[in-house]
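Handing you this structure, nothing more for now.
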Amino acid sequence: MNAEPRSAADDGQAGLSRRGWLGVAAAGMAGVLLAPGIRLMEIAQAAPAASPAAGASPAVRWGMLIDTNRCAPGCDDCVTACRTENGVAAPSRRTDPQWIRKIEIKEVRTGRTASAPVMCQHCAEPPCVDVCPTGASFKRADGIVLVDRHACIGCRYCVMACPYKARSFVHEELADQKPEVPRGKGCVEGCTLCVHRLDRGQTITACAEACARAGHNAILFGDLNDPDSEIARRVREVSATQLRADLKLDTGVRYLGL
Amino acid sequence: MQTPASTRNFWLLAGLGAIVAGAGLAAAHTMELHGHVITGMGNEVVWGLPHVFAIFMIVAASGVLNVASVGSVFGQAAYKPRARLSGLLCLALLAGGLMVLMLDLGRPDRIVVAMTHYNLRSVFAWNVVLYSGMAAIVLVYLWTLFEPALARWTRAAGIAALVWRFVLTTGTGSIFGFLVARQAYQSALLAPLFILLSLAWGLALFLLAQAALLHGAGRRMPDAVRQRLARLLGIFVAASLYLVAVQHMTALYEARRGAFEAFILFGQGGGGRYALLFWAGYVLAGSLLPLLLVFLPRLAGERSLLAAALLVILGAFAWLYVFIVGGQAFPLEIFPGHAVRSSFGDGAVASYFPSLPELLLGVGGLGAAFLIALVGTRLFDMLPRDELAAKGQGA
Amino acid sequence: MATAAFETPKLKPYPVIPLVAVGAMAHSKPFVASPAIQGAIGFPKELEAGWEQRAIAKMGELLGKYRSLRVYMDTCVHCGACSDKCHYFLGTGDPKNMPVARQDLMRAVYRRYFTFAGKYFPRLVGAVDMTRDVLDQWWSYYNQCSECRRCSVFCPYGIDTAEVTMAAREIMDSVGLGQKYANEIIGKVHRIGNNLGIPEPALADTLAGLEEDTKEETGLDVRFPLDEAGAEVLLVTPSADFFSEPHVESLIGYAKVFHAAGIRWTLSSKASEAGNFGLFIGNYEQMRTISLRVKEAAQELGVRRIVVGECGHAWRVAYSFWNTLMGPFDWLDQRYPVPQHICEMTYDLIRRGALKFDKDKNDDRIITFHDSCNVARGSRMGDMPGGQFVIPREIIKAVANNFHDMAPETIHASTFCCGGGGGLLTDDLLELRVKGALPRMEALKHVVDANGVNFMATICAICKAQFSKVLPYYGFDMSMVGGVHQLVSRSIRLGEPH
Amino acid sequence: MPALAVAYAVLLYAAAAALVVGVALRVRLYLRTPAPLKIPTTPAPTTQRGVALLLAREVVFFESLFRSSKWTWIFGWTFHAALLLVLLRHLRYFQQPVWQPVVLVQAVGAYAGIAMVAGLAGLWARRWLVDRVRYISTPSDHLHLVLLLAIGLSGLAMRFVRHTDIVALKAFTLGLLRLDLQPLPADPLLLLHLALVALLMAIFPISKLLHAPGLFFSPTRNQADNPREQRHLTPWAAGPGRN
Amino acid sequence: AGGEVATRTPRPVIEPAARGGQCVADPAFMRRNHMDLLRHQRDDTVRAGVRGGQFSLNACIGCHASVQTGSVAKAETNFCVSCHSYAAVKIDCFECHASTPAPGRTAFHPLVPAGPAAAGALQLAAQVRAQGRPGESR
């Protein structure tokens, strides 16, 4: 009953380099807790070699370009799609989380109106990450800013720090989460750029997909780092703006026509 | 000597403190059980009444230690006999404040995560280091006060505490100062302002605690000492009022922040209650009235000093409420020059009504601090002994 | 040997726990009682072959008779909490004067003969055989304990080294090794009625002299009655009060209080001694017999109350043990505590307004109060715990204007022994007495310097005698010490109608 | 049934018997030994209720120790409080279903283990560092601390480094209680832990660990200060007819 | 606690994995170390985006979900709970994580197609793992 498969643990160290992400935070934990299991685990991870997602790549920077000229007033397909994808219920209360919201704006001077979805801007210099005491807010190698909800203590400092109101706090117990998108009470959450899709090898977010399906094509998703990608090309060609550009956060979500 | 009467009073007060602190714990438990829906906080005002209490206690903790510093570092004889009490109050307030902060977390069960995972870039994480460091330094400081063999280290420990205290209050101020996104906060003046406020609040609390303690022992503060402390309180209150004024003036000059200042100071665009609280609560009741009580010779006396101290503390709560809640209620400006509308409250002033659990939690923190201070004074010799000190110097 | 030259310790500005100085006091031993002294009180006359077995047998007997000894032998965890609490350790640095080490002298033997671990793994638990060498150490160090019980206050289990010391002295007496000073005194009590050996005529003479002196001072007939049948109160007081300075000043004080309150009282020539050295040598029978004299005297004189004078261990025996040893007291007036301390009586009178004082008569004195250990930790006054601390101080405050307590960690239950209690008040142990007084002297020095204190009041005959002797060693004036009723005596208003 | 399980079952039964019988005999001895005189260390409570309160304070807060030595108190109290939590946490191996309080204590239990070891380490350091305590320490004093440290460290190692099969272990311990022998996981740390625990139980009644019951029988602490109000009499010391 | 075998000595009923086959590691090892494995996998996934590792929680659920409740944590007898209530271990995983496998799609492997074929594919995968992958030297 106690024959542990230690022999298997002795070969294969393939996974080691992937642990590069282990930051200050994880290092503390890793030391004591993982000792016996680690090597075995490396093999385990190495095993399904065919996996398309060998982890987030620093070569990539995911981003979105939102064309307010194309975004239809009154349409909120992207918002609905996000909810469906991530199992977020439609907000019925002031306290309910909203990962993405539709904003109607009117220029005070000219009276010109426009509308656009606003979600986490996946800043390259994210204030939410800077302020997070436990390091639960973090930026992945591929530029996606996430909350590690196993480490989030629910202090809401990141909510204070985010200039875009992109973060919500889960104020009550949830049920029927989607297996892909665990969420729960007491933690802060926000748009994940549909990270589960990306890691699975898909290259479009639910919101962008829905917008395209509706024929608006207002949301263009892609790799900002890849000079050949459409998003990179368009960001180069048209002068896309960043929200609150004065803060110099180098957002991953850009806007056209503001 | 512990007489049956003092023992009875001790247990009565301890019971009271325990009930209040217990109510706070119960409130926190309910909050954890139901989630933060049962509080007034939401996704706009994410820090509410608990933070007002917590930050008050933490800032005052740093200020209350001033009395000890003046005695140990600057060698002022009148303050030396008060150093122990001042250290104890500092620890108690720190503990009370941290209790409230911790229990308000969305996941208080993950306290171990908070203690083992540090993001060194986070001001909040620095503060965790600052608070624990503060507690450690004050403990060492108290130790040198109680152990005659260590008396020669008192000054060194006192200086360390003094320096640490300034850093700590700067850190607390910076929690807000670093919030670049918010018009209410981003300001270099916050750090010095918090330091001045801490001196005033801390001294006010110290005066009240000392009065209670001496009253319990049937003694009085010598008049000379009282007059000095009164003057000091006045100076601190006046100086912080001045810096608050400067902070708002500079903000008024900045075009971007004009709207916010109009909101918070003059109640424009729905900021009415914050403006009222600011002027009536902080400026009038929390600053001008205490100044009168302290400086008008006609009013001089123990009672008016204590009344002034009490008012300063009320003013502190008013100011913090305006600062913390008012600052968040004002909408974020994501699209400058645009009128904005959305399902998520964009462009609208956020509403916030504190709920009972929040209030209980905050008061519970005060209760815990009270309990710690009470038990501390019972277990250790904390009473300021002016006669002994005075005689000791003469001899 | 006993009076060999030694160095008086230096007074330090604050208490410092000395480093362990092994064997520093190994030479300190009291004189051994002569066979005559031993025989007179029924102990074996001297050490004889086979004493080891007899000692162990006695230890076994005591273990069965005293739960304290039994439990204390097992319970100590060697935590060391008591290690810096004994004044003899603080004054000498000899580690065997740490209470735990003192107990261990007996515990080592106990383990060897009475426990499984000690029988089979003696080295592991530090168990030793009962040998001459061990006995010598007992002799030395069980005569360096004043049975003050300070250690028991601080021990987490309340282990009272005094109980162990008493048992050890009892065992030593039972094999013929007795202490001259204590055992000689016990003999005198049985023979003459008091510790000093003052015969009845001398006593009567002294009291008559005192009446004259007092008349001279006050112009009033303050009485010092002896053996007056039908008196309401029998006062039992240490015999030192009849002869020694400053003790006698307190005796005058008692007389004035009785006079002012109009209480008929008497002394007894049969029980002209409150002290009971049976306590010090841990011998139950001696303690009981000595106590019973008081009962007999009281019943013969037909008094209705018994009041005990200023004496520490006498009050402990009276308060804590008399009821067991010679009770029940149904033949005495139940409206008063039985027995009653003179301070309780005076305090009660003060509270009832029966006494008046001119407080300023004591204005030349800045007073502090030394809690005597047997009163502080072995008894009580009044009806609430801690009354023994409150009542004497309240009396002082009622009769004088200047009072300052010594540092809190050196008074009340934590009070330091004067250094001469427990049957050690003998000149063959002078070095020990001087060094053992160090902690009290340091505390005194502090209030002398800070508050100008010039008088230390106390309510124990041994304390008074010890301090008179030891104060000069530390550069203080010997007349700084005195009784509480000495202060009462100074300021009480007499001759007013009541 | 595997020899290992049998051996450990025998060991644990024997140790438990030694503990229970040994302590019971000692307590009986204490109970039967009279306390002839009233010797509470005053000031002491004057009523039996007060005494109960005093003892409770001694047991819960180590009040006397607090008064005498702050360092020893910090380490000693930490150790004992943590030990209590650890033992409470261990109750889960002995009951099914598990009491709710025991479930609640699980979360702190592991940290209590760390605190317990830290407290023991402090106590041991004191035995080396403070000259007075070094002087009074016997080998057995050191060994007690080492034994408890070893138990604590082997437990912590199981918790944090090399896990054991807790479900199987629980079946084993429940089996012991029900005289229904179950297999025992053969993890070296667990076997060490259990062997040391057995040793601890066996030496309890013949060592200074008797301080735990001893406190309750200490006359200076468990007597009320009322000799004047109530005549205190015990068999041999009582009046005439004494032996 | 209802989830135990009613013999003289209570033991937990551990529901066998509905899909059969073998666990991702030796059960004796899993019994002792699954928490560390999960914790490590969790950090890999969340922080580094490594998915499809062997010790994915979703994979556990996929195999161990009860046939009756479809969950690993709904009833006392369900897999995770059966042990944890016996050992008095509280886990909060299922406050956030669904305790049931994703409908129509297993989370086990992204390439596993949705639908009834999933089960078969899982079996296959398990076998492959058990026997070692062809071409890999062991």
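When the chains are written out, they are named A, B, C, D and E in that same order, and each has its own residue count from 1.
To be clear about the criterion, a contact is a pair of C-beta atoms (placed from the backbone, for glycine too) under 8 Å apart; a residue touches a chain by one contact, two chains touch by 3 or more.
Since this is a predicted model, take the numbers as computed values, not measurements.
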item: Contact distance in steps, from subunit A to subunit E; value: 1
item: Comparison of C-D and B-C (more C-beta pairs in contact); value: C-D
item: Most widely separated chain from subunit A, with each centre as the mean of CA atoms; value: C
item: Relative to subunit B, chain with the most remote C-alpha centre; value: C
item: Per-chain Cα centre nearest the global Cα centre, belonging to chain; value: D
item: For subunit C paired with subunit E, centre-to-centre distance based on mean C-alpha positions, whole Å; value: 77
item: Approximate Å spacing (C-alpha centroids) for the pair subunit A, subunit C; value: 82
item: Whole-Å gap separating subunit A and subunit D, where each centre is the average of the chain's CA atoms; value: 53
item: Residue list for subunit C, restricted to those that touch at least two other chains; value: 384, 386, 389
item: Numbers and ranges of subunit E residues touching at least 2 other chains; value: 28, 32-33, 36
item: Per-residue multi-chain contacts in subunit A, two or more chains; value: 1-2, 29, 33, 36, 173, 185, 187
item: Residue numbers on subunit C that touch subunit B, as the complex places them; value: 13-16, 384, 386, 389-390, 408, 412, 449-452
item: Residue ranges of subunit D touching subunit C (in the complex, touch as defined); value: 26, 29-30, 33-39, 41-46, 50, 58, 62, 64-65, 67-69, 72, 76, 126, 130-133, 135-141, 143, 203, 206-208, 210-211, 214-215, 217-221, 225, 227-228, 230-233, 236-237
item: In the complex with subunit E, residue positions of subunit A that touch it; value: 1-5, 8, 11, 18-23, 26, 29-30, 33-34, 36-38, 40-41, 44-45, 47-48, 50-56, 138, 140-142, 146, 148-150, 173-174, 176-180, 182-185, 187, 195-196, 198-201
item: In the complex, subunit E residues that touch subunit A; value: 24-26, 28-29, 32-33, 36-37, 39-44, 46-55, 58, 61, 95-98, 100-102, 107, 109-111, 129, 133, 138
item: In the complex, subunit C residues that touch subunit D; value: 17, 19-20, 22, 63-68, 70-72, 74-85, 95, 98, 100-101, 104, 115-117, 121, 123-126, 149, 152-160, 163, 284, 319-324, 327-328, 337-339, 376-380, 384-386, 388-389, 413-414
